[in-house]
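To start, the structure itself, in C-alpha cells.
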Amino acid sequence: MSALLEIRGLEVVFDGFRAIDGIDLTVDQGELRFLIGPNGAGKTTLIDVITGLTRPAAGSVRFGGTELVGHKEHKIVRLGIGRTFQTSVVFEELSVVENLDLAASFRRPLAALLRQRRGVSDTVRAALETIGLTDLAERPAGVLSHGQRQWLEIGMLIAQGPKLLLLDEPVAGMSKDERERTGELLTEIAKDHTVIVIEHDMEFLRRYASQVTVLHEGTVLVEGDVAAVQADPRVQEVYLGRSREDAA
Amino acid sequence: MRKAFLRRMAALAILPSMLLTACGGESGENASGGADGNTIKVGLLHSLSGTMAISEVTVRDAELLAIEEINAAGGVLGKKLQPVVEDGASDWPTFAQKAQKLIRKDKVATVFGGWTSASRKAMLPVFERNKALLWYPVQYEGLESSPYIFYTGATTNQQIVPGLDYLKEKGKKKVFLVGSDYVFPRTANKIIKAYAKANGMEILGEEYTPLGHTEYSTLVNKIAQAKPDAVFNTLNGDSNVAFFKQLKSAGITAAQMPVMSVSVAEEEVGGIGIDNIVGHPVAWNYYQTTPGAANEKFVKAFKAKYGAKKVTSDPMEAGYNAVYLWAEAVKKAGSTDVAAVKKAAGGIALERPEGLVTIDGSNQHMYKTARIGVIQPDGLIKEVWNSGKPIKPDPYLKTYPWATGLS
Amino acid sequence: MESLFNQLPIGLSIAAVLLLIALGLTFTFGQMGVINMAHGEFIMAGAYTAYMLQDLTGTQAVAVALPVAFVVAGAMGWLLERLAIRHFYGRPLDTLLLTWGVSLVLQQAARDIFGAPNVQVVAPSWLSGGVEMFGSNLPYARLFIMALAIICVIAIWAYMNRSRQGRRMRAVMQNRELAGCSGVDTERVDQLTFFIGSGLAGVAGVALTLIGPVGPNLGTYYIVDAFLVVVAGGLGQLRGAVIAAVALGLLNSYAEFWTDASLAKVIVFAAIIAFLQFRPQGLFVLRSRALT
Amino acid sequence: MSEKLRGYGLFALVALLLLVVAPLVLPPFRLDELAKYLCFAIVALGIGLAWGQGGMLTLGQGVFFGLGGYAMGMYLKLHDAGPGGLPDFMEWSGVETLPAFWKPFANPVVALAAVVLVPVAVALLLGTLVFRQRVRGAYFAILSQALAAAFVILLVGQQGLTGGTNGLTNFYDIFGQDPEAESTQRSMYFVTALVLGVLYLGARQLVKSRFGRLLVAVRDGEDRVRFLGYNPATVKTITFAISAGMAGLAGALFVPVVGIISPSLLGVVPSLELVVAVAIGGRYALAGAILGAIIMNYAKTGFSEEFAGGWLYLQGALFILVMTLAPKGAIGVYHQARDALARRRRPPAAEDDAPVPQKQEVPA
C-alpha cells in the first residue's frame, strides 16, 4: 500500500487563532480513516484545507504526489477528491437523478453539457442503487428527508468517481435506523475507495472504524486502531476533561 | 415537463388576443380624420412624466390655453380645435413613436411638441417622411432647418450672440464656459469660442458635467483659480441649482463675476434659491415682466387658468405663440393642408407677448427680439438690454463673418 | 503642483458628502443585507423636512431640521421594515427590487405633494462665507457637512461599541441565530437598525440642501454613488465606509480636476472594478466559516 | 408523445397569433409598437436566463442593448452618409474625419456580427473579472447598475463620436427600405417576432440541457457546485454572455423598428424596468420573462396615454404587491391556481411537473 494523501507541517491561522498547529498525517490507498476530536480540534478545518476551501499559513498537502495547496476547489475535485458537508447541501429544485447526473458529468466537455440528458447513465444508476433512492429518482431533492439527503450527498460523491472521499459527520442528526444504513453504505463504499470520515458518534465509530486519528487543539494527539485509541489515557483525558469543563 | 411548457405557452397566448380586442376598437374609431365635421385635431406632444416633465408640462399648459382662447373666439375656419395630448415620457424613442401615432392614427393637422434637442432630433425623421408639421417651442442650438418643423423659440443668433454682445458691451473680456454634457452646450460653446476669437475675448476654460450632476466644488475651484470676468452658463435643469448654490457658498457674487445663463427662466429661479442667483444675467426673448398689452393679457389669462402663483417663461410663451401662428397660417391658407399652411406661413406677423413675431418663410424660424434680463430679489427677471428690433433668424450663422466654418 | 494641494480640501468635502449618504446604508445594507433602493428617497425626505420647517423656523431650518429629519426618515424606514422588508430577509435581490418600487412611489408622492419643480431651502446666514485653505476657498457650508459627517461617524462608533443596544446589533449581524438564542430580540434589533440607517439618510438630506437641488429627483442623484461606497468599503464596516468615501472623494476630485466631470465618473467606476479584483469583498471583511 | 405534440401545437398557435393574426388585425402603428415590445421581450428573455435561472441579478442589460443598437445604428448612419461621408451629427459636432472605431461598421457583415459579438465580448470580460473574484448577489447587482450609469455618461460625453444625448437617429435607408414606410415596419415586425421565437426555443433547450441544470445548481448553491468539480465562474460568465448577446440582438432590431438608439434607453432606469417586468411576468419561467416584458410595456403605453403620473404609482404599487405576495410572478400565480385546481380534482396530485419550491436566494 502506498500513501495517497500526505500532509506535512500544516498550520492554519484565523485572525491570530491557530486552528491547526502543525499536523502531519498520512492516509494510504484504500484506507478507511476516522478523524475524531472534541469541538475546535481542527477536524473540519483540516478537510477544508485539503479541499481548497481554506488556505493554510504553512505546510503542504500532497495527493498522489500532487501539491494541493493553492489549487481552487473545483480543480481539487477534478484531481479526484470529493467531500460532503456537515449540513447537507443538495440542489432542492433538481430531481434526485439530476443531482447525481450533475455530479457524474463534470468530466464532460462543455459542448457536451449543452445537450439534454437522455435517460440515466450507468454511473448514476449504480449510485442510485447504492444509496437506495431508485424509487425517488424523479422527485425533486427538496422533498427528501434529512437522512435521504445525506445519502444523496454520498451518492453524488460516488457518482463523481473520486479516489478519496471526505465525509464530514455523515450520521449527525440521523435516526438509529438511518445510522445503520449509513454504516452499511460506508462499508460498501470503503471496499473500493479511500475514505476519511469525521465523526462524533462513538458507537458508530466502534462499529465501523478501523484506523482512527484523534485531533486536539490543532495537533494530532493519537493515531491507531479503535481499541488502542479508546484505551489511550490522553484521549480519555481530552474527552473527559472537556466534559468536566463543560459541566462546570 | 412538456405539460408545463404547454401551459406556459397557453398563458402567453392570452396576451396577443388581449391586444387584439384592445386595438380592435381603436382601428374602428380611426375612420374619422384630423379635420372632420366641426373639429380640427391638433397634437400636443410633451413629456408629462420623467425628468423633463417639470419643464414641458408648463409648455403644454400654455398651448392648451392658446387652444382654449382660439376656440372661445370662434375657432379656425369655423371649426373648434381639439387637442390630442400625448406623453413623450422624457424618452426620445417614445417621442418618435407618439409622433407617428398622432400623425397616422389620430391624423392630427399639426403637432406642437418637444423640448430637448434630442426629442426634436428623434421626431424629425417621422415628420419629414410623413410630410407632417411640428411646431417646436424652445430655444435651441441652431444648425437645423427642417422643411416640416417651425421653430418658435430662439436660434443661436437671437440668444447666444446677443448674450455675448451684452457681455462685450459690459467690458467682460475673460469668460469661462460651463455646460451640461450634451448637444446644446457644446454647439453653443463652439459659437462662443468663434465669437470670442473675433471680438478680442479670451476663453479661460470650457467645462462640461454629466446631466443631473450635482457636485460642483471642483468646477467652482477651477473657475475661482481662472479668475474670469464672467461665466457663460449652459447647464441644464437641476445642475443649475447645485452650481449656483456652490458658487454662492464659495463667496463668488454676481457683482464680481456675473454668470450669463441661457437655460434659467422664471420657473427655475425658485428652486435655485433667489439669494443664490439674484443679480446674475440671463438671455431670452421674453420675460413675465416684458411690457405690452399682449403680455399683460397672456400673464393674466395664464394665472387665471392655472393659479396665481404660476409664472410665465420664454418657452411657455413660445409654445403659446406657436398655436396662434399656426392658426393664422391656416386661416390664410384656408385649409389645414400641410403644403398650403407652409406656403401661407411665410411672412405672417403677429403682435405677441414678447413683441412682434414674424415667420421667416425661408427657414421657418421666427424674427424675435433678444432681451437680456437680470434676476430680481422677487424672483422675477427685469430686462436690462434688448436688441431694439426683432432679429432675423439665422440658424446657420451665415451672415456672421466670424462664424464661417462652424456649420 | 499647487492644484495638488488646493484640490485636497475639495476632495475631502466630496468625501464627506459620500460618507453622509452612505452611512445609513452601512447599517441597512451592511448590518442586515438589505439593499434599500429607497435610501435615496429617505435622503429626499430629509431635505423636504428642512423645507417644511422653514415656515416655523425661518432661516435656521437647516440646524433644527437635523434631528427632526432623523426622526422623520427613520420613521419612514421603520414603517418600510415593518410593512414589507421583514418578509424578505434572506432574499437580498428581491428586497432590492421591492424597495425600487417603493422609491418610485415615494418620488411620485413628492411630486404630487410638493410639486415637480425644485423648492428653495434658505441656508442660514452663519453658513455663508468660507475659509482659505491650500489656496482654495472652503465654504463654511462644506465645513459644516464635513463636521456633520465626522460627528455621525463618532456617534455611530460609540453607539455600536459602547452601548448595550449597539452591541446587540453587532451580535445579530454576526450571527443571527446565536444572538436570537442568547435572548436578543432580533426583530427589535432589526427595527432599530432600520430606523437608524434611514434616519441617517434624513440627516444627509438636510445637509444636501446646502449644496444641491431639493426636488423629487434628489434621491436618484445620489443612490448609485452611495452604494459604490458601501461596496468598496466592505459590508457593514464603518471604517471601511470611511476609508472608501475618502478615497473615492479624493479620486473623484483629482480625476475631475485633471480631466472632466464625465470622465471622472467613469474613472471612479473603473477604479472600483479594479479594486474588487484584489479585494472582492471590499476593504474589510468579517471572516465566517459558513458555506455560502 | 401526444403531450409533446400538444406542446408544439401551442407554440405553433402563439406563433400563428403573432405572425398571422396580429399583422392582419392590428393597425400599422400598433403593430410597430408591438414590434418594439418584442425587442424588449428579447432582452427580458436574456434576463430570465441570467437572473431567473442563473441567479445573476443584472441591472445593466441596457449596456448590451445599447452596444448592439449602436453597432447597428453606426452601420445605418455610415450607409446613409455614403462612401467617404460623415454622419450628420459629426458634421455639426465638428468632427472632420471618421474616427477609426467607426470604420469597420461601414461593412454590413462586420456590423451585424458586432451586434452580437461586442456585447458578448464585454460580458465575457466583465464576467471573468467579476465572477472569478466571486463577486455576486447584491454586489454584482450594484456593479452592473454602476456599469449602466458609467456607460451612459461615457456615451453622452463623447458627443462627436456617439451622437451624445441625441443618439443615432434619422436613418434613410434600412437595407434598401425606407424605415418609415409601413411595409418596412411590417417586415421588421416579422423579423423581430421570428428572432424572439428562435431565441426562445434556443433558451428553452439550454435550460433543459445539463448546462441548464448546472446553472440552476449554481444559482442555488454556487459554493457547493465547486465541490462537484465545476467552476461556477465559467458557468455564470457564459450565461451572462448569452444574455448579453440576446440584449445586443434586441438593440440591433430596435433601431430599424423604432428608428433611433439613444442613451436614454440604456441607463439605470430602463434596465431596472425590464428586470421588474421579468419579475412580474415570472422570473423562473422563460415564458414569464417574455410575458412580463410585453405586458408591462403595453400597460406603460396605455397608462401613460391616459394619466401620466399615475403610471409611476401603478408600476410601483404593482411591483410591491407582486414581490410581496407572488414572488414568482404571473406564471407562478398561474401555476399555483392550476395546482390547487388539480389537487381538488384528484387529491393525490401527480408530481410530474411540481411547481418550483419557494426559493431562498444565495445571500452575498
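Just so it is clear, A, B, C and D label the chains in written order, and each chain counts residues from 1 on its own.
Criterion: contacts are C-beta pairs under 8 Å (C-beta built on N, C-alpha and C of every residue); 3 or more make two chains touch, one makes a residue touch a chain.
Quick caveat: nothing in here was measured; it's all calculated off a predicted structure.
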| item | value |
| --- | --- |
| Winner on C-beta contact pairs when B-C is weighed against A-D | B-C |
| Most distant chain from chain D by Cα centroid | A |
| Centre-most chain, if every chain is reduced to its averaged C-alpha atoms | D |
| Distance from the mean Cα position of chain C to that of chain B, given in whole angstrom | 36 |
| Rounded Å distance between chain A and chain C, as computed from the means of their C-alpha atoms | 45 |
| Whole-Å gap separating chain C and chain D, where each centre is the average of the chain's CA atoms | 32 |
| Numbers and ranges of chain A residues touching at least 2 other chains | 85, 89 |
| Shared-contact residues (touching 2 or more other chains) in chain C | 260, 262, 265, 291-292 |
| Contacts with two or more other chains, residues of chain B listed in rising order | 53, 181, 208, 210 |
| Touching residues on chain C, where the partner in the complex is chain D | 29, 33, 35, 84, 87-88, 90-94, 96-98, 100-105, 107-108, 111-112, 224, 227-228, 231, 235, 260, 262-263, 265-266, 269-270, 272-273, 276-277, 280, 291-292 |
| In the complex with chain D, residue positions of chain A that touch it | 51, 72-74, 77-78, 82-83, 85, 89, 91-94, 98, 101-103, 105-108, 110, 112-117, 138-140, 142, 156, 160 |
| Residues of chain D that touch chain B when the two form their complex | 3-4, 6-7, 10-11, 13-14, 17-18, 21-22, 25-30, 32-34, 36, 92-94, 153, 156-157, 159, 164-167, 169-171, 178-181, 204, 208, 254, 258-260, 262, 264-265, 285, 287-288, 290-291, 294-295, 298, 302, 304-305, 308-309, 311-312, 330-331, 334-335, 338, 352-353 |
| Residues on chain D engaged by chain C in the complex (per definition of touch) | 51, 55, 57, 129-130, 133-135, 137-139, 141-143, 145-147, 149-150, 153-154, 156-157, 221-224, 268, 272, 275-276, 279, 309, 312-313, 315-320, 323-324, 327, 360-364 |
| Complex interface listing, chain B residues touching chain D | 1-13, 15-17, 19-20, 22-24, 26-27, 30, 48-49, 53, 86-87, 89-93, 96-97, 100-101, 104-105, 116-118, 121-122, 124-126, 129-130, 143, 181-183, 186-187, 190, 208, 210-211, 407 |
